[in-house]
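The chains carry the letters A, B, C and D, assigned in the order they are written, with residues numbered from 1 in each.
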Amino acid sequence: MADISVKLGALELPSPVMAASGTFGFGLEYRDVLDYNKLGAIVTKGVSLKPREGNPMPRIVETPCGMLNSIGLQNPGVESFVGDLLPQVKGLGVPIIVNVFGETVEEYVRVAEMIQSTGAVAGVELNVSCPNVKCGGIHFGANPEMLHEVTKAVREVTDLHLMVKLSPEAAVIEAVSNAAEQAGADSLSAINTIRGMSINIETRKPRIATTTGGLSGPALKPLAVRMVWEASRSVSIPVVGIGGISTAMDAIEFIIAGASAVQVGTANYTNPRACEEIADGIAVYLEERDIPKLSDIVGSVEVYEDYTLK
Amino acid sequence: MADISVKLGALELPSPVMAASGTFGFGLEYRDVLDYNKLGAIVTKGVSLKPREGNPMPRIVETPCGMLNSIGLQNPGVESFVGDLLPQVKGLGVPIIVNVFGETVEEYVRVAEMIQSTGAVAGVELNVSCPNVKCGGIHFGANPEMLHEVTKAVREVTDLHLMVKLSPEAAVIEAVSNAAEQAGADSLSAINTIRGMSINIETRKPRIATTTGGLSGPALKPLAVRMVWEASRSVSIPVVGIGGISTAMDAIEFIIAGASAVQVGTANYTNPRACEEIADGIAVYLEERDIPKLSDIVGSVEVYEDYTLK
Amino acid sequence: MGVVLEASEIVKNYEISNGFYILEVFSPDIARSSAPGQFIMINLSHLHNDPLLPRAYSMARRTTETLVFIYRVVGRGTGLLSEKRPGDRVHVWGPLGNGFTITDRKAVLIGGGTGAAPLIDLSEEMSRRGMDHTLVCGGRTAGDLKFMDEFSDVVKYSAYTEDGSLGEKGFVTDYISNGNVGAEAAIYSCGPMGMLRRVSELAAEKGAECQISIETPMACGLGTCLGCAVPKRNSKGYYKACTDGPVFDSKEVVI
Amino acid sequence: MGVVLEASEIVKNYEISNGFYILEVFSPDIARSSAPGQFIMINLSHLHNDPLLPRAYSMARRTTETLVFIYRVVGRGTGLLSEKRPGDRVHVWGPLGNGFTITDRKAVLIGGGTGAAPLIDLSEEMSRRGMDHTLVCGGRTAGDLKFMDEFSDVVKYSAYTEDGSLGEKGFVTDYISNGNVGAEAAIYSCGPMGMLRRVSELAAEKGAECQISIETPMACGLGTCLGCAVPKRNSKGYYKACTDGPVFDSKEVVI
């Protein structure tokens, strides 16, 4: 098998395929069905300072080639995560990246400090883009100044790998990408879900209790590839591609667009062995084409220069 | 059959189902397969001041539940449209709405003037959101001030129904909606395509010659429903829903979200009889539920108030 | 052996009546390791992503080598499932969920529509254990219960139909309200939400134990999506229908 | 009668060899009103939207009541098509496009892979008109041309295979370069782009007339999406492959 290990800055990962936040629990749920050696990292469900119950039902609904979710960042809080879950998750032997979420800069900082102090985690991913929570989330990611502020504040309290997860709802991807890089992010991940809505035409009620929810799945892929391309051209730190990846071909498309690694989300639901099959498929792709290292094709897209529109 | 005629301001349409710009040519192509009496209006392919050849190939590619296109607004120019095509199109007996596009405010105005002077057209739809052309398009629709300027300028030269087509790439839908309303638009249509990208992993070239193209089709539907809901809550002029509508159920979803009428785009490709089937299905829906008029359900979505996030 | 994920061959897939289908898939590992009330997820196709999500189905019967399901064509997912033929393969994973907890009490099994499925399995298990029990199933008309004939070799049941075309005329919940169930009973129930609400109420009235199997939207079936939340009755927060359920004590949840 | 849109029943759909399939659909109206080189669009399913777009297929044969196609499973669209069974219905519309223009010149028909399809239809039509003509088809190996046997009652052809396992060893274009075709000929060709480029070059060299049938991405087949643009050679702008083509004079287009 080809060597598919990757480096994201100083962080070495055995595989370019990570499980995306919110779609892999805290990492324990897939043990029966998945070869964890094929995982580059597990990105945990979002962890906040205090426990959160999450949103009322219905929380998910299927849409064409996608789904909407509004889970409301249900999680046991950082204390319980560090005390109860992390000891088990650690044992999996897979790098752990903790997805961190707060409603204020201080909350982000305090969660990051607690994660840092465990010594058992490889990195922190800042969820600045979750569209589901009243105050916080959405605004950090949509606004370059606020994104800079929260990234910088977290950077000051942790030397763990710091990944900033971009929101597709930022008006200009380049601006938020630059803001995160300048504030000290080690990598960007793109993209989080984009807000959508679905209505039951019998009851005339939204199919998501919070009216709108975040769209994920293959439907999102063309947007995500475009944003990864835009982000990777505007920063020099690595970009991690996310959005509708369900096959090795999808992953390679993101890598050629500019992603140094990928995260697989919704596909874990439709095929619990998705991450493993994608990692294997990437290795086969490289082997069949005699490409020595994955990094050889990162960002290798050859645009038709004459026709490229800005 | 239930009466499904609708009024958009002063404009009376026999049906709420219009064929969307760029997916129905100039109206002549579907005569063999479609009952034109079921159409509310035909929105023409975008018309510009000068003829445009369009973009190089490849121009379209299939994506999950959607497609990307970058046609480059190929059209024969307003003179040829008015002289050669309009006389034929007029004969169809269906209200014609001309989709108008320019690279400057002046171009929009001159095209609108020529359309106005024909006396054979029901309305003008401003394409301020087409993502495919170097200068122009995208900026008008993304920026409330510029949108206001172009809408106002066109308003001054025409008393035809003036529909402004929103871009999903505007950061805040409410702001552009308000800008168009205040500038004198008679209605809004939402949404145009959103930019995406797809790469051939064998050649490593983009599958669209211009690198990115506009995403349309069912994949887009949840975003479009959300934006129609947002737009319709922020203005008092009617909103026309567009994006991934391929069944009567889809159309009704948009109507309940706040659309007074709908446009059907990509579905004309996958089912040339889509507009007819959707119009019939809407009538059946109303009849089966004893709903006297379509307007009774426009915007009738009942959000779970307690949980609605802003 | 935990959760098994495999591409299973379809052995049978045919319509019984009124859009009700019987599906049988070859899956000895899941058949061996599962219990009544558990379910599996079925991915509809690897060739397309629409409809996207897998669907949950409760076992109606587990033979040594196969799993038997009852489904009704109600949407696109079941529409596509009904097009599959013997020999086709579908990706399945299971067994999932907790299943019913069999207690010593007098067992009354109340099923509505395809909700009969896990109760057929439970009834067969109770018979295997020599437990006396009653299975009552409801539908709108006789045709809606015709699938029960396929299981007549292993289970006996009493029918309730809304139009009286089979068994008693009325709702299946009438069986409880008509005085057949008392405080000594344990009710095991599965069916539409409205029915489960009524069963839970009646059980509370009678003082009977009551386990209900709940259908919620599910994306993963494995406890990671948090889409299947069921509100707890006695405290804040939610259970997960896929791992804490789908069977719950009716007193523990708000439905 | 113009374009017909209908839900047509599949009469036959089976693999011949190497992933090449024969598909036959019942569609008397299209069969009656179409001509060699025209095509239809097939919508893959009304139950799912992925893959989304319809696919274009050229008629290989038109009987009084049916249309016969040759396709090769190369992606998800053809993967799903290959799962259809006789009795299933697919939505089709056609006939579309211009078709070949039959001239009086000595006719040489050059097909590559499934590109043989419209040439089989054309050959049958020429025979019907009593026109002398030559059909030459190319493939990688004998197995890639096995589908031709299905049409041996109506057409005769010479084969070229890359591995020499059937007919001449080499590329089908060798037939032209080997001196069989002169300025008196009219070439009619369909196949992969690379092959069509070579055929066009050779035709220009020999001074022969040349009509090529081009495959481009297509969303509508009816002239509205403008996705099927083919650059004009002698002026600016584009033809539409679906309505101006798919058959073009090789001197008129840039491919």
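General remarks:
We adopt the following convention: contacts are C-beta pairs under 8 Å (C-beta built on N, C-alpha and C of every residue); 3 or more make two chains touch, one makes a residue touch a chain.
Since the structure is predicted, the reported quantities are computational estimates derived from the model, not experimental observations.
When the C-beta pairs in contact are tallied for B-C and for A-C, the bigger tally goes to A-C. Each chain gets a centre from the mean of its Cα atoms; the one farthest from the centre of chain B is C. Computed from the mean C-alpha positions, the centre of chain C lies at a distance of 51 Å from the centre of chain D.
Put simply, the C-alpha centre of chain A and that of chain D have 46 angstrom between them.
Note on chain placement: the centre of chain A and the centre of chain C lie 36 Å apart, centres being C-alpha means.
Among the residues of chain C, those touching two or more other chains are numbered 49-51. Residues of chain B in contact with two or more other chains: 56, 63-66, 217-218.
If you sketch which chains touch which, every chain touches every other chain without exception. On the side of chain B, the complex with chain C involves touching residues 64-65, 218. Only residues 49-50 of chain D touch chain A when the two sit together in their complex. Those residues of chain D that touch chain B in the shared complex are 2-5, 43, 46, 49-54, 91, 93, 216-217, 219-220, 222-227, 229-231, 236-238.
Those residues of chain B that touch chain D in the shared complex are 22-25, 29-33, 45, 53-54, 56-67, 69, 71, 74, 217-218, 246, 266, 268-273. Those residues of chain D lying in contact with chain C across their complex are 47-51, 76, 79-80, 83, 85.
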